[in-house]
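First subunit A sits with subunit B, and in the next complex the same chain sits with subunit C.
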Partner chain A sequence: MLSAILASGLAIGAVYALIGVTYNVMFSASRVMSFTAGQLGMLGGVLGSAFILRMGVPILPGLVLTLATCAAIGVATEIVAVRPVLNSLEQHLYVLSTLAFALMIQQLVAIFWSTEPQPFPRLIGIGSGGPEDEKFWLPLVACAAVVGCLEFLYRRTLVGRAFLAIAEDNFAARALGLPERDLRMASYAIAGAIGGVAGFASGEMLLAFFANGGILNFYGFVPVALGGLGNNRGAIVGGLALGVFQQAANFLVGGVFAGVAVFAVFIVVLLAAPQGLFGAAPARRV
Partner chain B sequence: MGGFRSLAPWAAIAGFAMLLPFAFNEFWVVIGTRAAIYWVLVAGLNLAVGFAGQLAIGYVALLTLGSYTASILVQRYGLSPYVALVGAATVGAVSGVIVGLPALRLRTFYFAMTTLGFATIVTQVALAWQSVTGGGIGLPGPEMPAPFDSTKGFYAFCMGLAGLCTWMSANIASSRFGRALVALRDAEVAAEATGISKTALLMTVFLFAGATGGVAGGLFATLQSYITPDAFTFDLSVLFFIAILIGGRGSILGPLLGTVILTILPEFAAPLVAWSTFLYAVLLLAIVLAMPGGIAALLDFSNRKPLQSDRAIIPRPELLAELLPNGGGQDDIALRGIVLAFGGVRAIDGLDLTVRPGEVHGLIGPNGSGKTTTLNVICGFNVPEAGEARLGAAPLPAGDSRGRAGMGIARTFQTPRLVGEASVLENVMIGGTISGQGSFVESLLRLPRHGRDEAALTARAMLALRATGLETLAHVRADRLQHSELRFMEIARAAMLAPKFLLLDEPAAGLSPDEIGRLGVLIKAIARQGTGVLLVEHHADLIFDICDQVTVLNLGRELAAGTPAEIRAHKEVVSAYLGG
Partner chain C sequence: MNTTRRTLVLGASTLLAAPAIIRSARADAEPIRFGWLTTMTGPLSAPGIGFDRGVRWAAEQINANGGVQGRKIEVITRDTQGDPTKAVNAVQELINRVKVHSVFGPTNSGEALATTPILARAKIPTLTAGVVDSLIDPAKFPNAFRVAASNTQWDDAVRNYTLKIVKGKKIAITADATGYGTSAVNASLASFKKEGAEIVFDGVIDATQADVTPDMLRMKNSGADVLVSWTVSAGMAARQMNARAAMNWDVPIVGHPALGTGDIARLLDKPANWEKVYMIGYRSSSYDASGKLPPRAQALVDKIKGKVQLDDTLLWWILSGVDGVNLIADAVKETKGDSSSEAIIGYLNGLKGYPGVFGTYRFSPEQHNGFPPEEVVMQQASKRRDGAFDLAPGYT
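Our next item is the complex of A and B:
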């Protein structure tokens, strides 16, 4: 039983972690938390199933198509719901604009895809449902791959350093002549692709289901909130821990109370440390 | 408020609601009932979302709780439907506070997420707790006794409650509590400085919103006649929330129309049902991007008239005797050995300062010398690491920014903090919030003390506006004012407290020479009433013109202190700061 809890817990935790990273990548580029993060995860599953099962595209091109579409939707988020409200960040209109955009995505999927969970293709074919099954370790592989790529991007490439500069100090970066808008759009494209990876890698576990978006939105936000905004390490550790905790509670006390337990922990930790366990408190301005 | 014009839309809505059962068939009566039930919930939620600006998105949770409570009380315990509604209101009120509690510490997106999470949990529990809720099978809703058991009877009952909720929320909106809520939303720092308690006020509003949500849930269960967790979709949360934003923040009429529109929109054509939430989302995006004021801004005709362009601010200091009748008392504000560092920078480094009643005390110095920080220490916004601050014999508790108003210390801000959507009069009335006597419940029900508070606050605010020369602008939206007018408005708001001490943070910044002259006369006259004035300013002329005492700061320390004449002759000050 322990191996089952760990396998499923780490798998779902990896998905939460990736959605958390999606939130963070968008936040770093724009100081905006977007409700579309979870929807991108949902789209990874739905689009993967649509391209591969419905249209018969082979698996690898299907993955590429899925990620490209998710990246495009990430860019669309930036153009439609983020850029117009960036000038009035202090009014927090982005909460509403990204919520609206996320709802539009979810409803379009519900109308044109299905409101029932649809099957997702078997990607490799290793394992037979036990803890060694691919559906449990694929999300972990995806998570590791994303972390590796992001580390390489941020630490080893000039573009990556430009991303960090924007995240650190937007005005100074612009004053240096960095193309802030293009970098922001690129960040949203990357965030879209990361969300897509999360949904694609977990498709066999979570299926292609329109309602996954809302669930991933919440459970992907929990590690971000606990780890501190923009802190990817916190999001990944928090995501994996959340997944294991949730699955353990699932097995031990039942699904409903697992949900209640996660929510209670979330609220208590946030009330005790609103800036997250690894974040710094913002200064207030009078 | 008041007057025929503002009452006309309400009369039209009430008339339409009364005619509806006679003019339309049963189908539309049911739709009308549904709209009324939704509005019962939205009327309460509107105070939390539209007025207080809290992004409570998952309010379907309250509807769910109310529905199950009422149904269980009637079906399992055999209570009367009326008692069950009271029970639903109670459970809703308690849950409303629980959902609202995180709002005290969490902001915007975080709070929105917690309400969403709560909504998810409530549905999950309803599904899983089969022994009580019937799980996925559900349970029957309460049946109303005669005369409310027919379609039209129940319509009348729901409309009655909807009318009651409208009246109550409008009472709060036009009371000092409503203004304080909006102040917390748009100018939280200013609200704190006027002594508004965020905790008490928000919790009261969440209590009220939870109660109306619970009642709406009870009615909803009767309307559905049978409830399952499926009935409480997230789409309903979206409807409630978006109805308020489409209607316009800080309005009652707008969200009411918003609720009605969103309820009937999908009924016009069957295909629209599947698209309804998508349409709501498109509407929300359009509102946020194109028309942040919502329906209420569309209906606000009076604020489209151009203002007189060559208006001047002519204060009338002679009215101050009436506005500040009690003088400043005998106590000094005394700072002793204050030290405060931001990171490695010592913003204040061992400062002693005494401000006396009846005097204008100037605080000058180069940028970064610690002037505003000193003011913030007195006001409790910054907590010093060492040293003490006193008002007479009483210590000024460090960090208690909200308690300063009660001790008679008022202030203005370097950047005016105002509620742009409220009128100038309302903005000034916010300054007198803590002088009100009546409770929230008294305002809710329009009991006599509410009326007395409102009359007293209005009269005093008009007096303050006359004294500062803004009375012709009393009913104009504050965000239409010029910068200089906002500076005088902040002084009027601070004067509402009849403060013992008035702290002004660069009140002359952005004013014309004429206006600076009138400002100087006004400040001097305020001090002559016995109020101690601490004036942070860069305009050396104004400082030397009106101050009794001047302290010059440099690098967080006192460089010099004395009368204006002494300062003007002080060598270091002249070379370091004044030049010449």
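Our next item is the complex of A and C:
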């Protein structure tokens, strides 16, 4: 029983964590909370199913096509919903523009795909629905792979350091001659691909369903707030903890009460540590 | 020419009678306008498309055979798109501009709740296939007649099958966390408690929840030996069936007709996960042990097979559509061509056992739920051919 709850909790937690990382990557490059993060997760599942099951593309090329399309949609987010409002960040217009773009994506998927959940292909074929089933550990593997790749990118490559420079102080970075706009677009492409990975790896569990976008937007934001905005490690720990806690609440109290329990804990944590469990307290200029 | 008193009286009588004669002649020639409201597009369109096939086929048959006393049936279809506002607008148009003689639909209960009072004010004979109990009230809506099962009949069928045939002792009742799901769980809970059954679990689950294993574990730990499901979500139903198999929990699932929708088959880990799942259905669309439908339904299927598509819809939707048109056509025929509201409503109120293809309807001025409760049965969700299902085990 415990293994079943842990397996599904960690799996769904890994998906929340990856969506949290998607939020963070977009935020670091632009100081914008883009509410398309969850839709990118949804698209990972829908596009994976469309390429592999409907169009008959083999699994690996299907994965590449899915990630490339999600990366392109990430770039489109930057061009359509983020860039036009960057000059007025203090008015928070990005909330409206990114939400509108996210809703547009969701409605288009509903129209051209389906409003009912559609099947996602078995990727490897390990397990028969129990805790050892691939649908539970694939999201964890994907999460670990993304963390590894991001660590390598940010710490071992020159381009990665440029991303960090932009995230730290984009005025100073521009003054040093870094191509801020190109780096921001690249960040959105990476974020799109990470969202796509989250949806693809969890497709067997979440299915290819247009309504997943809203849920992932919502629950993917919780680890960001819990872990501290822009803090990927915090998002990973927060996401995994959220998933396990949510599934435990489903077992202990169930149904709508589980949602209440999750948000009660979320509010308590934010009251105790407003900057998030892993975020640093904001420095005060004196 | 001499004008006598006799010719004067004759001439005056002819003049007085002329408008009535002209009106009568026009009424004899005009078609019987059958307003047909259903959802033909959008996410709720599957039933509407099925009903529509039956409606069109029945009208075509009647018209091909000379109509009703020489009058054609004219089906005036309005696509409500699952939207109560569009349904209300369509009803207003059918009443005021098209001047229909009767209305069938909307087939979706949510829309019918909005249109029923309007049709009642206009006294238009209305047939409804919605299941919500409050759609039928002969005092408030003397024009409205239900030609399908009600929610109460569904509850009764599930409870009777669970307690008397499956012989469940500890019942778990669940649904998705929608308005319908929550009310269905409450109604089912009350229905089972009325019979003194032991309910060990009741609750709703978010239909988008990625994994329902924790909830299923709660049900299993509570000792449930039957799972009653009222979800209308194919995704949640499939997840419950997959979780049941992964837990090696050999418990029957009994409940809503959505347990048999085709989408479930594609979402199951393996086809065997659909075994021991029994859903609400109807005698007329249930195969007996010899693989035959009841005689009237079988005769119709034999007639329409190859002409009307059956494999992508549910047979009862088609059968109900056929009965809707035939009921109104027979009402006009039996009242000697009188298509007035009073005549049609009077005819329907007097039906003591109308032999339709979907059901045998009985109405009276006090009872407008015309579908016989004994014809609401449980079917095997996984055993489907041509839109009909095998009867669930335990029926004779």
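FYI, the second predicted complex is superposed on the first by the 276 of 286 C-alpha atoms of A that agree within 3 Å, B and C clash if a C-alpha of one lies under 4 Å from a C-alpha of the other, contacts with A are read in each partner's own complex, and residues count from 1 in each chain.
Note that in this section contacts are C-beta pairs under 8 Å (C-beta built on N, C-alpha and C of every residue); 3 or more make two chains touch, one makes a residue touch a chain.
Just so it is clear, the model here is predicted, and its values are computed rather than measured.
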| item | value |
| --- | --- |
| Subunit C versus subunit B on the shared subunit A, clash or fit after superposition | clash |
| Touched partner set for A:Gly259, first subunit B, second subunit C, both or neither | both |
| Touched partner set for A:Asn217, first subunit B, second subunit C, both or neither | first |
| Which superposed partner A:Thr69 touches (first subunit B, second subunit C, both, neither) | neither |
| Touched partner set for A:Gln247, first subunit B, second subunit C, both or neither | second |
| Partner chain(s) touched by A:Leu103 [first = subunit B, second = subunit C, both, neither] | first |
| Which superposed partner A:Pro274 touches (first subunit B, second subunit C, both, neither) | first |
| Against subunit C, colliding segment of subunit B, chosen among 7-15, 43-51, 133-141 or 439-447 | 133-141 |
| Subunit B/subunit C common contact set on subunit A | 110, 215, 254-256, 259 |
| Residue ranges of subunit C in contact with subunit A within the complex | 43, 177, 203-206, 208-211, 213-215, 217-218, 221, 234-235, 238, 242-243, 245-247, 263, 266-267, 269 |
| Complex contact set, residues of subunit A against subunit C | 1, 4-5, 8, 11-12, 15, 110, 115-119, 128-130, 133, 202, 205-207, 209, 211-212, 215, 247-248, 250-251, 254-256, 259 |
| For the subunit A and subunit B complex, residues of the former touching the latter | 33, 80-81, 84-85, 92-93, 95-97, 99-101, 103-104, 107-108, 110-111, 214-215, 217-218, 221, 225, 254-256, 259-260, 263, 266-267, 270-271, 274, 283-284, 286 |
| Residue ranges of subunit B in contact with subunit A within the complex | 55, 57, 101-102, 105-110, 112-114, 116-118, 120-121, 124-125, 127-129, 189, 234, 238, 245, 274-275, 277-278, 280-282, 284-285, 288-289, 292, 342, 372, 376, 381-382, 413 |
